[in-house]
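Below you'll find the structures, each written out as structure tokens.
Here come two complexes built around subunit A, the first alongside subunit B, the second alongside subunit C.
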Partner chain A sequence: MDRPLTVFRRHEEQLYLGAAGLVIAVAALLPLLVLCGQLVSSTAPASGPAATLASARIWLLLARSLGVAAAVTALALGVGVPLGFIFARTDAPGRWVAFALHAFPMFLPPFLLALGWFHWFGRQGLLGSETSSRALFSAGGLIAILVATFTPIVTSLAALALSAIDPALEEAARVVARPWRVATHISLGAIRPALALAALIVFALSLSELGVPTFLRVDLYPSAVFARLGGVDYAPGEAVALVLPLLGLALILLVAERRFVGARSFAVLGARAAERFTIPLGRWRVVGALAGLLAAVVGLAPLGALIGRAGLGGFSSVPAWMGGSLWNSLAEASLAASIMTALGIVVGRALARRRRAAAPLDALAMLAFVMPASVLGVGILATWNRSATAAIYGSLAIVVIGWTARYLIVSTRTIAIAVAQSPLHLEEAAAAVGSPFGRRLRRIVMPLHRRGIAAAWLLAFVFCLRDLETVVLFYPAGREPLTVRIFTLEANGPPAAVAALAALQIAVVAGVVAGAGVAQLAARTGPR
Partner chain B sequence: MKTLLLTIALSLGCNRQAREVVVYTSVDQPFSEPILRDFERRSGIHVRAVYDTEETKSTGVLNRLIAEANQPQADVFWSGDPVRPFLLVKRGLVERYRSPNAAAIPSQFKAADGTWTGFAARARILLVNKKRVAPSEMPRSIRDLESPRWKGQTALANPLYGTTTMHVAALFADLGAPAASGFLGNLKANGARIVGSNGEVKRLVAAGEVAFGLTDTDDAHEALEEKAPVEVVYPDQDGLGTLIMPTTVVLLRGGPHADAGRKLIDDLLTPEVEKRMAEAAAHMPLRADVATPAGVRRVSELRAMKVDYAELGAVMERIQPLLREWTGL
Partner chain C sequence: MSVEISLQDVSLRIGQSEVIRGLSLTVAPGEVLALLGPSGSGKTTLLRLILGFVPPEAGSIRLGPDLVSADGRILRPPEERNLGIVFQDLALWPHLDVHGNLAFGLDARRVPAAERDRRIAEMLARVSLAGTERRYPGELSGGERQRVAIARALVLAPRALLVDEPLSNLDATLRRQLLELFRALLKERGMTAIFVTHDVREAALLSDRIALLERGRIVQSGTWNELRQKPGPLLSALLADLAWDAPS
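Coming up: the complex of A and B.
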């Protein structure tokens, strides 16, 4: 009588993983397959895609994009790693406040920050001149803004990893070497997987960024893809053809991630050392404090300009211009973050426990993240705009699907890192006394890693809140998120109102992050 | 939290309301949205709108309409120019509809077969920064964009998108391909800045980043409203003429709410809407009986470029490869 149940119990973990895999495949893989199918069955002249890729200009744009992404990555590492050391490992005064302020811009859409910098360095900006304007509207200006935007990713991952190094390792080195030598030779080596992950994320985000280069009039490869989707002779076939090199690049990035990061990041990002080895800066404390201050100023400057530009008039007009976009953002982002967290619990745990089936799902999620967002957008439109799925395509569900596909890696990796820190024997003991997999997840994994799971939800939520490029191609009519509304109003809306909406977006993200911080603090200091 | 849950439930569960209309529009959101909301209030029909981003003005939503052709999501396309609807007509995506409110619109601004109807027009103008250009040097023609006097000091929007596409197509139709290509080549050689949008041209001129730029009357109106030191020049009044572009509305074939779509079109074609567009966005009314506010010219007062909007649609498609090469994309 119990045979089917017994079979179910025996394979319960695989079934959970299979169900999660199905959802991930539908969200992230299906759009890619549909796009490839369209390319193969295209009625356009056979020479179309080949002719598109035969243009030397296209490859020049790709080379330029790769150059910009490489420069941004190198500079972000060059700035972010020392800052990570200062914030996590030195006694520089005010370092944690500076770290929080420096890190904040990574939760905002880059084009808002570009708009903020324009208010500073445009010709009539607060510090503007013809020279500053020329510098801003150039490849150098683009790189500088992207470095300012993405460096906090490197800083945060470096600081996080530095906090997790086994102190015994460094203490042993300190017996024979000076602190700086220990920092550069031991600590830096130990956090290499975290730095590789940071480099990969910054490179992928820089490569697919569209809003900032468009604003600063720097032609890059994503602009060429977008021209095929936004121009008069709508040519999705050509756009897909242009995507092929990017898919190749995404696969190379994926292989690099497998080779240099993979599960190693779980160890370096998850553990927390009981004692931290702090480098006393001595007379260099002032320099450390100034570096932190400078990082905080760079983080806050564009936000300050936006708030200043908004003024009282801008803020008072927010209700009229906001529409339902804030609620749309919050509703869509909470739902997407909850789904991603649920998937992350199953897949992230399996990843941490080295289950074979988890690796391809993780790879797929990583591919969807490093792929240019417009490609995913076109694929989702082509996949879901059918009569059978009209109810999904015309509702918020399509936004939730898009975000789940793009940002799933955030929740799976965060939960994997958390789960990897706990021993497997707790789950094994429960399994030995007959506890089914679902119950083990609910009673052991989830309570034990509730902070990691909460962090995964929060990160996924914030990534969705800041997203523009994924959903701009297919958001349902009348249900645009706040970022899309700011983008569609940006050129023609009253500047003060646009700046005020941008400030609102910032305030919402700040509120969410601060709320999470307070909740974590309360959990630590509250009754046990 | 309750509101949030309610929003999620409503958004996911009640996807298609009985009394609603879906409109895609490339008319600037600050101007189109109040009109749509007003229609919603008066008619009780819920309006769901998709607005274009400035960078892809007119083509972003147009391409979305084409991409969604197999399963149309929209009922009405309210275009910022009169040419792009022809691309939909050509693909068989438009339903004929002769609105009773279109009777007073002059015949050159509407299709005899009811496929499209124009109203509230804009013009392509030169927006000049008065601090950078002396009155004696004021440009008078779009040809001034290629003048060495203004080398590196002018701007226009990327001609792959927006009304600039139509303007370039009109030049190809009017001057012929060799002369128009030569003009584009001269612009590049003269260091004209190619920017993301007409709004960006306005911003650069208003900020004095460039001396003058080619943009639309509504963008110029915004600069004037913001008290920027700018002046509007209607170009080529003693030659080629100024390009006039009525906004255009079409009913889409197979849209989910055709009746509501017709009601919305009827509403957009009332004199009241033309009046509001004139007051809010300096659009020129096409009806003779709609008053224009100070500073807004009448179409009849201008020497207009002689163009066939249907022909421009074909030219626009034909010159795309050339424009892509010119822009480097």
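Coming up: the complex of A and C.
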């Protein structure tokens, strides 16, 4: 009678992982397979991939996109690492406030920041002139805006990693070397995996970015793909061909991630991570404070310009222009974040516990994140845009699938980091008293790591809220999220209304992040 | 060159708790002192005071004639004290190979490359680790990592060596081998050393003198033979915990 139950329980962990793997495969792998199938079957020489890719302009665009992504990555590292150091390890006054203000824009769609900078430096901007406008609408302007947008990712990862170093590693060096040498040779060396991860994320996001180059009219590769799916150059077959080089690029990025980051991104913190030493800046404290202030100003300036441009008139027109887009954003992002968190609990825990089956799922999720969003977007179109799946393609489910595929790695890795901090014995003790896997997951793993799980949900939610480049290729009519609404209105809508919608997006994200901060503070200070 | 370590009326409070309370202690040049005490007695904090990671709230610390910390101030930062340290968790830098771990301090002191490499090779040979220069800490066994940590501390020829329970997680055989290595290295260099432990056996085997620390104060000190003649309450408790026959 209880035999099937026994068999089920014996393989419960594998079954959970298998179910999670199935969902991930449908969301992330299936679009890639369908895409590859279409590429292989398009063999007609006149219209096939070879014909499309024979154009020199295509390769020039790709080279330019790679150049922009490389420049943004290098500059973001050059600015973000020293800032991370100032915020995490020095006694610069006001560093935590400056860090929060500097980091906030990374939770916003980059093209909103471009819009904000436009209100400063566009021809009719607050500080605008013909010259500043020309500089803004150029490759240099694009790089500058992307650096300002993505540097907080480097800063945050560097600061987090510096805060997590076992202080004994630095103390052992302090016995023989001055603080500056310890910082450059030991601290920075020890956080190399975090810096590699930051570089990879910034490179992948820069390469995928569609909104900012479109707004600044800088021709890049993602714009070429987008134009063939919804613009004047409509030619879906060519779009499929165009993603071929990006697929190869995504695989190279995945190999780089496995080589330089891999499991090291969720290494266990040192036991005395709270006792880290602070570098006294002495007379350089003013310089440290000014650097923090400048970083905060760069983060806030475009947001201030948007709010200023919106004015009362803009804000009063928000209900008319917004439609259902805000509710679409919130509903779709909540649902996608919940699914990603559920998958993250199973896969992230397995990853932290070095289960063999977790590695390919993690690799697939990483591939979906580092590949340019247009590849995933075109794959999802090719997979789901058919009569048999019209019910899915025409509903918010398609947005949820797209976001789950793209951002699953965020929740998986966040939960893996949390689980890796606790000893395996806690789960083994539950197993020893006969608790099956599912119950251990619910009664031990989830309560123990509730903060990590909440953080994973929140991060996934915010990543979905800020997304434009994935969803813009396949959002269902009438179900567009707020970012898409702003992007499509930006070309022809009244500037005050567009700025007000952008301010609304900023307010929503600020509310979510502030709420999470308050909850985290309450959890720390409240009864345990 | 070995140096005398001297602490005079040193006190330190962390938060509300007084971790070190009016402690005075002198370790003579070339002497090996075992600092013995239960967990939370302030042993590691005392090492951090001597190393210069925290200033004493009151009292003074001297290395030879140099006043290095006094009354809430660090007068000489850690890197200018020329002390060697072996941490409890070893603290080998995971991103540097064995050579890199040993070279870091020598480079910081601008030792010429040829001289640096010669000293590293000699030190590694001395701890039976020749040929491991290009291996990373993660690729070494537990015993090898312990020996790299010892070599890293000694390659700089420090004025004194501080050792913070580095053998606590090892099996009995490895612990005995490393104790013998420590003893040999300290004796051949005539080096002043403070060896922190909560294990009476280690203290008895390695040290010239033992100081018993309880709640931030030295409650008894002397050679092993002196202490075992007249064990105080703390030593009796530690021996009872061990249920162990003391060496004669």
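Note that the second predicted complex is superposed on the first by the 509 of 528 C-alpha atoms of A that agree within 3 Å, B and C clash if a C-alpha of one lies under 4 Å from a C-alpha of the other, contacts with A are read in each partner's own complex, and residues count from 1 in each chain.
Just so we're on the same page, a residue touches a chain if its C-beta (ideal position, glycine included) is under 8 Å from a C-beta of that chain, and two chains touch if they have at least 3 such contacts.
These numbers come from a predicted model, not from an experiment.
Asker: Examine A:Arg386 and indicate which partner it touches, taking first as subunit B and second as subunit C; both and neither are also allowed.
Answerer: Only subunit B is touched by A:Arg386; subunit C is not.
Asker: Examine A:Arg178 and indicate which partner it touches, taking first as subunit B and second as subunit C; both and neither are also allowed.
Answerer: second
Asker: Which holds for A:Ile186: it touches subunit B only (first), subunit C only (second), both, or neither?
Answerer: In the superposition, A:Ile186 contacts subunit C only.
Asker: Using the touch definition from the top, say if A:Arg285 reaches subunit B (first), subunit C (second), both or neither.
Answerer: Touch status of A:Arg285: no partner.
Asker: On the A-aligned overlay, A:Leu169 touches which partner chain: subunit B = first, subunit C = second, or both, or neither?
Answerer: In the superposition, A:Leu169 contacts subunit C only.
Asker: Using the touch definition from the top, say if A:Val472 reaches subunit B (first), subunit C (second), both or neither.
Answerer: The answer is first: A:Val472 touches subunit B but not subunit C.
Asker: Counting residues of subunit A touched by each partner, does subunit B or subunit C come out ahead?
Answerer: B
Asker: Give every residue of subunit B touching subunit A within the complex, in rising order.
Answerer: 3-4, 7-8, 11-12, 15-16, 22-24, 28-31, 33, 46-56, 59-60, 62-64, 66-68, 70-71, 73-74, 84, 87, 160-161, 165, 193-200, 203, 207-209, 218-219, 222, 226, 316-317, 320, 324-325, 327-329
Asker: Please output the residues of subunit A touching subunit C within their complex, sorted ascending.
Answerer: 166, 168-169, 171-178, 181, 185-186, 189-190, 192, 271, 277
Asker: Hey, which residues of subunit A end up touching subunit B in the complex?
Answerer: 57, 61, 122-124, 133, 214-215, 217, 219, 223-224, 226-227, 229-234, 236, 323-324, 327-328, 330-331, 334-335, 378, 381-382, 385-387, 390-391, 393-397, 472-480, 487-495
Asker: Along subunit C, where are the residues that touch subunit A in the complex?
Answerer: Subunit C reaches subunit A through residues 51, 53, 77-79, 81, 83-85, 87-89, 91, 93-96, 104-105, 108-109, 152, 156.
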